[in-house]
Amino acid sequence: MPLAGLSFEGAGELKATADDVLWADGIAVGSPTNMGVISWRMKKFWVAEMAPHWMKIDGKIGCAFSSAGGWGGGMELACQSILTVLMNFGFLVFGVTDYVSRDMTLHYGAVSAKAPGDEQCRLACQCLGRRLAEWIATYVHGIPSEHPSLKLAERRPPHGEG
Amino acid sequence: MPLAGLSFEGAGELKATADDVLWADGIAVGSPTNMGVISWRMKKFWVAEMAPHWMKIDGKIGCAFSSAGGWGGGMELACQSILTVLMNFGFLVFGVTDYVSRDMTLHYGAVSAKAPGDEQCRLACQCLGRRLAEWIATYVHGIPSEHPSLKLAERRPPHGEG
Amino acid sequence: MPLAGLSFEGAGELKATADDVLWADGIAVGSPTNMGVISWRMKKFWVAEMAPHWMKIDGKIGCAFSSAGGWGGGMELACQSILTVLMNFGFLVFGVTDYVSRDMTLHYGAVSAKAPGDEQCRLACQCLGRRLAEWIATYVHGIPSEHPSLKLAERRPPHGEG
Amino acid sequence: MPLAGLSFEGAGELKATADDVLWADGIAVGSPTNMGVISWRMKKFWVAEMAPHWMKIDGKIGCAFSSAGGWGGGMELACQSILTVLMNFGFLVFGVTDYVSRDMTLHYGAVSAKAPGDEQCRLACQCLGRRLAEWIATYVHGIPSEHPSLKLAERRPPHGEG
């Protein structure tokens, strides 16, 4: 179930190379929320490193995560812009229906306010990674028993609704 | 400083008519977050009530607010879709740079998880309404002293940064 | 390779029911571009008909198409809002890297200006439907030979680049 | 009526500095469409040059333009991401209701397929710049006669509708 994570935090240079993406069946891409769109360093990575592979890597499975300085700070919009980049490469992108706590879900990517340190944020990232692994197992590796719809007992609907 | 609020909560019919928009210099439009886009009832309002006025009401000033079932549930994306509708009518739309608490801002509209009841959410809505009034005062009514940049002592930068 | 199309044009009521979605492995959803977001009738369909099935149909494969009154009229934004709704249901959504003419691609859904009647628009819709069928064949039905990356001779890169 | 344009085309470094933005009452920001979001060089400009001025330049008036390799190539999404950056700075952003030809409008920014050379694209850019000047004149310089609603004879509704 090869899957990769690619994230960029703070001021340094992103160390990833194209190979970090090419070998993977799917990828979770993260960026600090910065003015409501993908960071320029992460965007530059997809232009400088990945553009030569454009139209050759369609069909990977992708998802996004981002943290901002506060709720309402653009983390969902940043995830949306990351997913737009991944769609440009022909990837299939997804969010997660499940809730990880009473007040937290990740319908369009995993998000946090401030550095992603608290428990519900940790659960959201785990949930995103697990769903990514499940879709890869189900669809790329042909293991239908990994489909989330067959694991309803483990799913987490909104509190009070399921 | 005529300004209007137009929001829709829950299952009933939206009672607003075109007149509720036409008289106002600016408007804050709210919708429950529902699948990450403006609710169909609020969208229907702009089609059924407002479309006949399209191209006749350019230049109003607009902003958005929304609540979702949880963080990561699409409230920012819902605000973005509301702003898209307002831009379609030629409105000038804005968000707010200020923070209302350590963990809450409203860069692209005021947002909340669950019903908008807690203190920081209340502050965010007040902040949005006040900024709307300030832009209308400054730009529509020609009162330059209402420009937020002249009230820096009252502004609220991110904690630890200002 | 069960796949469904669900589109709504103009003023009538949308006739589709939940069953039109439930049986399909994937779906192409279309809406007229209307103020830059999904039409209220199509949105209402997903709320009124599909919400009871939410969290039970994750993993379907989805894509979008839309036409607007003119280029720059919001057709891409409308496709984005359709994809947001589909992501809310846990669907995997995609666009197409290929070009269908010198001046037309469908990276985030198939789009047209005015009614979708001309040749390049017809090609874009065919291309979208074919890619949807290919992803379903490859990922849902386990036919790896249907993966677009194995059919490079049939692919259509931008003119002058491939 | 001070207004500025800031665009970036192709591979070179963006030469603009913060001063190019600070003096202006409003700004039109352009970027090549690149994977459906603002180019990393333009994004870097707003981070490296403009971030120190964040929360000090609220209330400027902004709009966007972009060209992509083909229709459906993400130009509207790129404009949306530019506007998101401008909103982050507290700018009031707008699109234009008018049509510039039977098949071209600029509801969320001026867009083109391929290099912006043809006549309707030129008209769209002129229309965007003119509307920017009109909003600045009306709202920043207090010249109400410049409001587009007072110039209906010069406005351009969709063909067949006005």
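Read from first to last, the chains carry the letters A, B, C and D; within each, the first residue is number 1.
In the analysis below, a residue touches a chain if its C-beta (ideal position, glycine included) is under 8 Å from a C-beta of that chain, and two chains touch if they have at least 3 such contacts.
Because the structure is a prediction, the values reported are computed rather than measured.
Least step count on the touch graph, chain B to chain C: 1.
One simple way to say how far apart two chains are is to compare their mean CA positions; for chain A and chain C this gives 21 Å. Chain centres here are Cα averages; for chain A and chain D they lie 30 Å apart. We define each chain's centre as the mean of its Cα atoms; on that basis chain C and chain D are separated by 29 Å. With touch defined as above, residues shared between interfaces to two or more other chains in chain A number as follows: 36, 74, 77, 80, 84, 87-89, 107-108. In terms of inter-chain touching, the protein chains here all touch one another pairwise. Contact residues on chain D toward chain B in their complex (touch as defined above): 54-59, 61, 80, 84, 87-98, 107-108, 135, 138-140, 142, 147-149, 155, 157, 162. Of all residues in chain C, those touching chain D in their complex are 36, 69-77, 80, 99, 101-111, 113-114, 124, 158. Across the complex, chain C is touched by residues 34-41, 43-44, 46-47, 74, 77, 81, 84-85, 87-89 of chain B.
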